[in-house]
Amino acid sequence: MDQILSLAGQNLLSPVILFFVLGVAASLARSDLTFPEAIAKGMSLYLLFAIGFKGGASVSQHGADLSLGLAVVVGVVLSFVLPFVAFALLRILARGVSVTDAAAVAGHYGSISIVTFVAATSLLTAGGIAHEGYMVAVAAAMEAPAIVSALWLAVRGGAGGKMDKDLWREILLNGSIVLLLGAFAIGWITGERGMAEVAPFIVAPFKGVLCLFLLDMGIVAGRELRKAGRVVTPGVVAFGLVMPLVGAAFGLAAGLGLGLSAGGVAVMMTLSASASYIAVPAAMRVALPKANPALYLTLALGITFPFNLTLGIPLYMAISQTLAGG
Amino acid sequence: MQMHDAKRVEVIIEAVMEKQVVRVLEEAGVSGFTILPVLGGSGRSGRWTREGMVGRASGMIAVICLIAPGRLDSLLEALFPVLTDHIGVVSVTDTHILRAERF
Amino acid sequence: MQMHDAKRVEVIIEAVMEKQVVRVLEEAGVSGFTILPVLGGSGRSGRWTREGMVGRASGMIAVICLIAPGRLDSLLEALFPVLTDHIGVVSVTDTHILRAERF
Amino acid sequence: MQMHDAKRVEVIIEAVMEKQVVRVLEEAGVSGFTILPVLGGSGRSGRWTREGMVGRASGMIAVICLIAPGRLDSLLEALFPVLTDHIGVVSVTDTHILRAERF
Amino acid sequence: MDQILSLAGQNLLSPVILFFVLGVAASLARSDLTFPEAIAKGMSLYLLFAIGFKGGASVSQHGADLSLGLAVVVGVVLSFVLPFVAFALLRILARGVSVTDAAAVAGHYGSISIVTFVAATSLLTAGGIAHEGYMVAVAAAMEAPAIVSALWLAVRGGAGGKMDKDLWREILLNGSIVLLLGAFAIGWITGERGMAEVAPFIVAPFKGVLCLFLLDMGIVAGRELRKAGRVVTPGVVAFGLVMPLVGAAFGLAAGLGLGLSAGGVAVMMTLSASASYIAVPAAMRVALPKANPALYLTLALGITFPFNLTLGIPLYMAISQTLAGG
Amino acid sequence: MDQILSLAGQNLLSPVILFFVLGVAASLARSDLTFPEAIAKGMSLYLLFAIGFKGGASVSQHGADLSLGLAVVVGVVLSFVLPFVAFALLRILARGVSVTDAAAVAGHYGSISIVTFVAATSLLTAGGIAHEGYMVAVAAAMEAPAIVSALWLAVRGGAGGKMDKDLWREILLNGSIVLLLGAFAIGWITGERGMAEVAPFIVAPFKGVLCLFLLDMGIVAGRELRKAGRVVTPGVVAFGLVMPLVGAAFGLAAGLGLGLSAGGVAVMMTLSASASYIAVPAAMRVALPKANPALYLTLALGITFPFNLTLGIPLYMAISQTLAGG
């Protein structure tokens, strides 16, 4: 418990978190501090490039074995399964939420948030705790399957929803998946030699860019919170705080089952606990247009993301340290 | 200068629907269109802005399409299914164009 | 396709006035509007461009507002004070809209 | 509110031609115009988008010019040579403006 | 005198200044060299983030005492007072200028230019001269008060001008103030530990970004100069060159009175000598729309900024070195 | 031959090339991975700034003599002459191509591609092979003359084309030429001292930015290839692969004649072999609007650029090593 508190305290006082808080505060106070869309997108491309490459380079260094493939498969399964859990939980906690809305929300929680992933790996690195480099590939693999489950839930519930070939292509060839896996592959192929070339760009300045990016995320999250208004009932808030813990429990089981390192288990928990706020919302607008974006964006970006960032990740780290050795 | 009657169709629609709208326009035999970026706006679903956003999930684009009056109906009919359930505004204005041989 | 008469109000105004214009539109009960970015332009105060600019002090935005004809006058009256002393151009065009229940 | 008849000329033209169009407009005594960015589009020469582009070689801009009806013809005549051989669409719409003393 | 000349010469041949000159030259020659708006804004966010953080980290290292609070208060007072001085001087030097225009210009000179501040601190750092880290906070504090004085001058002169609650919020929660102070606070809170995380992003590459940013500033300043035309009478030019010296004299007195280090005095002089070209012009367009932007932008960006950048700063440094030891 | 293959293999597996391939693949698969226009332009400004400055700093270090001026003059001559060669070759290989189109294409091949230049110098640096710093100035000098030749060819062929004072200014004061030469001059003037200030921004992170930029280039090239369709006849493809070799031969002769180092010869070959895809296409749209952009963009960006990047440069390096010692 002490360890959790100290980790959480340390995390809360890291520049990365403080810049997120600054963004939320600026936004709630209606400051006109904003980033141009192109800069926000540019920073996110940088982060995907960097973590993909670093993951691949780490795999090339430590060698890859069956465990990579297994972890990816388990990630895909988790992404398929978690929406059902989320759907059931949301219907229990917030009875007012329609089937369509619940299905859409469920899709977000089955998928992952890449910045939450980055925040977790940063904290691990800062704490000197190693994790499997291929977790980046697991993250990429977990992005899309949840969308299928969400649509299935919607269709089954009579809430419509459509899934055609184009949507499939869009989901699987989503820019962030392609960049993440592409950079992962290139990092893997070029290994140490490649890493030596790009390291000064993707390693040392990484934290600084992450601070700026989280400042932007804070601004956007604050905006979402300001608009949240009617959709945020107590039940919805409860879901936004409980679901990450439930997800993390699934991640914990999966990580322990896979025999991951303590760091790897923490990452698996974080991935399962996190909710998508880029890829899935866009897919839902196309495939489930009747679902209310205010609900899922407030939940993913305004409640669960800050929760994971501040308290969740240190908690998952402490638990994984305890249960998976350290 | 010789001018020709035409219609200016302006579709303000969710950015995620770009591909769908384009497909419909092409299938309706539209000879051209132009897409303008949109910074922000307001509607029944509240205020929004593209500032600081990474994904395309929120935000609109504006598609401008100049067409011969005779083709308007088929265009609108093709467009209608895409608009159902989706956020968007369509306006049709009478206009005049130069170089009508293009349309 | 069933179309309804409407007005397309296009306000090209200084970017710094965005908040004021939005407030006026909301107070005038306008149900929606869309803001387009502007790259540059020219007027009595000379040529300008947004290229390389950091602040908002120079530069315009374009606000497009589709409204029912009956609401036009109250909108323009509300808008007028904001325009006084400020750089800006307002045009009102007759148009037709789909799905009028939205306006 | 007192409104005045005017024309809204919308020129969608290749970005590389910006300087030429501006020169023509100024020589035709046009008192103002506004340039909007364009994201992408489609025409006889196919689909295009500005995404990821560095140069200006491909891509369009939209130039909007509100003018008094009496000046339209001289504007279009001045514009015509610039359009020849160049990709571009020109539409002219009847509109009404506030504060006509500006035009 | 020799020292001044050598400092000025050295300054004039620094990459930062030469890139500014390149920008002005390119712009005057009508080259199409330009930066996208998003990139210019992105670079300015980077600079605010970096100098805010570095200032805070330096305060955390050297400890803060009463002097920080005192310096901020003195900065606020200067920002309130300088517009009156500027107003009087402009009315004397350029009789054709209207009350409204003079009030608007006065507001710019009471406030500060953050890039001029950065250029001064860069030159100090290069010369191995230390300055108080909290001068960043003083800079932030000096941004807004001048706007109030300017509006008071306009109203008193019967030139109208309006100041409502929204404008207040806009001025105080201006994005650049929020980012500067926020990064300062975070740098202070996280101290050495935080600095270690973000240093590779905000310290080493800083000068290079500054070069690119000043290239952009040069392009914009050149554009302003090209348009200046009729508004720039000899009296106006004289004001643009004399006012920074007058402001610097006030800053000198304030700095010496506060007992700042030689570097701190130089910074105080630079802040007082500099004129805002981002925050104040925007506020003036809203509150004093009848004032002519061509006048205040040409003065702030086309005359005073280049003057301070090239000759002013070395002069202020030499004077502060002489009078405040060093 | 072995050396060529090994160099080519090594080049093909460098991160820079692999990211280009990733971009092409993503684009052909219709992924929505794209860079905002502002970010793409920002990266290109960074690259121009960095290589210009590094070139100038290197000249200041090694001293400049007559050879700089001579190399620039030879570059200008090459740029004037190569379009005639390209024009003739294209008319032979692809008979269907009109005079206007052939003239426009010829202009592209007389001019240069700055990213191809950067890729070559990166590969040289990685291989520890020095080259003359002033080759940057030669690159800048080769950008524009080819446009004049292209217009002359078009006018002579009765295909129209216009060249007025404004177009001249536009070509010569083209943003990329101004930035390249300006940064070169500033690097030269400020020398080692200046380099020390900006090195952490332009040296260490350079390769990483180049990877991202080539990812973007790959996306754009893939888009061009997808649209290529009818214009790409076998003869056109043959031209796109043969012309770089012909150009490289001219560059080889010029480099040997100038007595450049092996690295310098390789760069001269690369410049002559490369085709412009930024400055010349824009000039052609203005001056030769009847020429078909699909033809010259597909050739320059879709065929010759990838060819040079992957196979051409290692080949030119191997040849120059053999013939110019090393």
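Residue numbering begins at 1 within each chain, and the chains themselves are lettered A, B, C, D, E and F in the order written.
The working rule: contacts are C-beta pairs under 8 Å (C-beta built on N, C-alpha and C of every residue); 3 or more make two chains touch, one makes a residue touch a chain.
Nothing here was measured: the structure is a model prediction, and the numbers come from that model.
Both chain C and chain F are touched by D, E. Of all chains, the one whose mean C-alpha position sits at the greatest distance from that of chain B is E. Among the other chains, A has the CA centre that is most remote from the centre of chain D. Our note on geometry: chain B versus chain C, Cα centroid distance of 19 Å, whole angstroms. With centres taken as mean Cα positions, chain E sits 45 Å from chain B. Mean C-alpha position of chain B lies 39 Å from that of chain F. The multi-chain contact residues of chain B, meaning those touching 2 or more other chains, are 36-37, 47, 93-94. Counting partners per residue, chain A has 34-39, 41-42, 170, 205 as the residues that reach two or more other chains.
Chain pairs that touch one another: A-B, A-E, A-F, B-C, B-D, C-D, C-E, D-F, E-F. Contact residues on chain D toward chain C in their complex (touch as defined above): 1, 3, 6, 8, 22, 25-26, 31-37, 61, 64, 66, 93-99, 102.
Of all residues in chain E, only 36-39, 41-42, 45-46, 49, 53, 169-170, 173-176, 178-179, 182-183, 185-186, 189-190, 194, 197-198, 200-202, 205 touch chain A in the complex they form.
Contact residues on chain C toward chain E in their complex (touch as defined above): 14, 16-17, 19-20, 45-47, 49-58, 85-87.
Those residues of chain F lying in contact with chain D across their complex are 34-37, 40-41, 44, 166, 170, 216, 219-220, 223, 227, 277-279, 281-282, 284-286, 289-290, 293-294, 297. Across the interface of their complex, chain C is touched by residues 10, 12, 36-44, 47, 60, 62, 73, 76-77, 80, 83, 89-94 of chain B.
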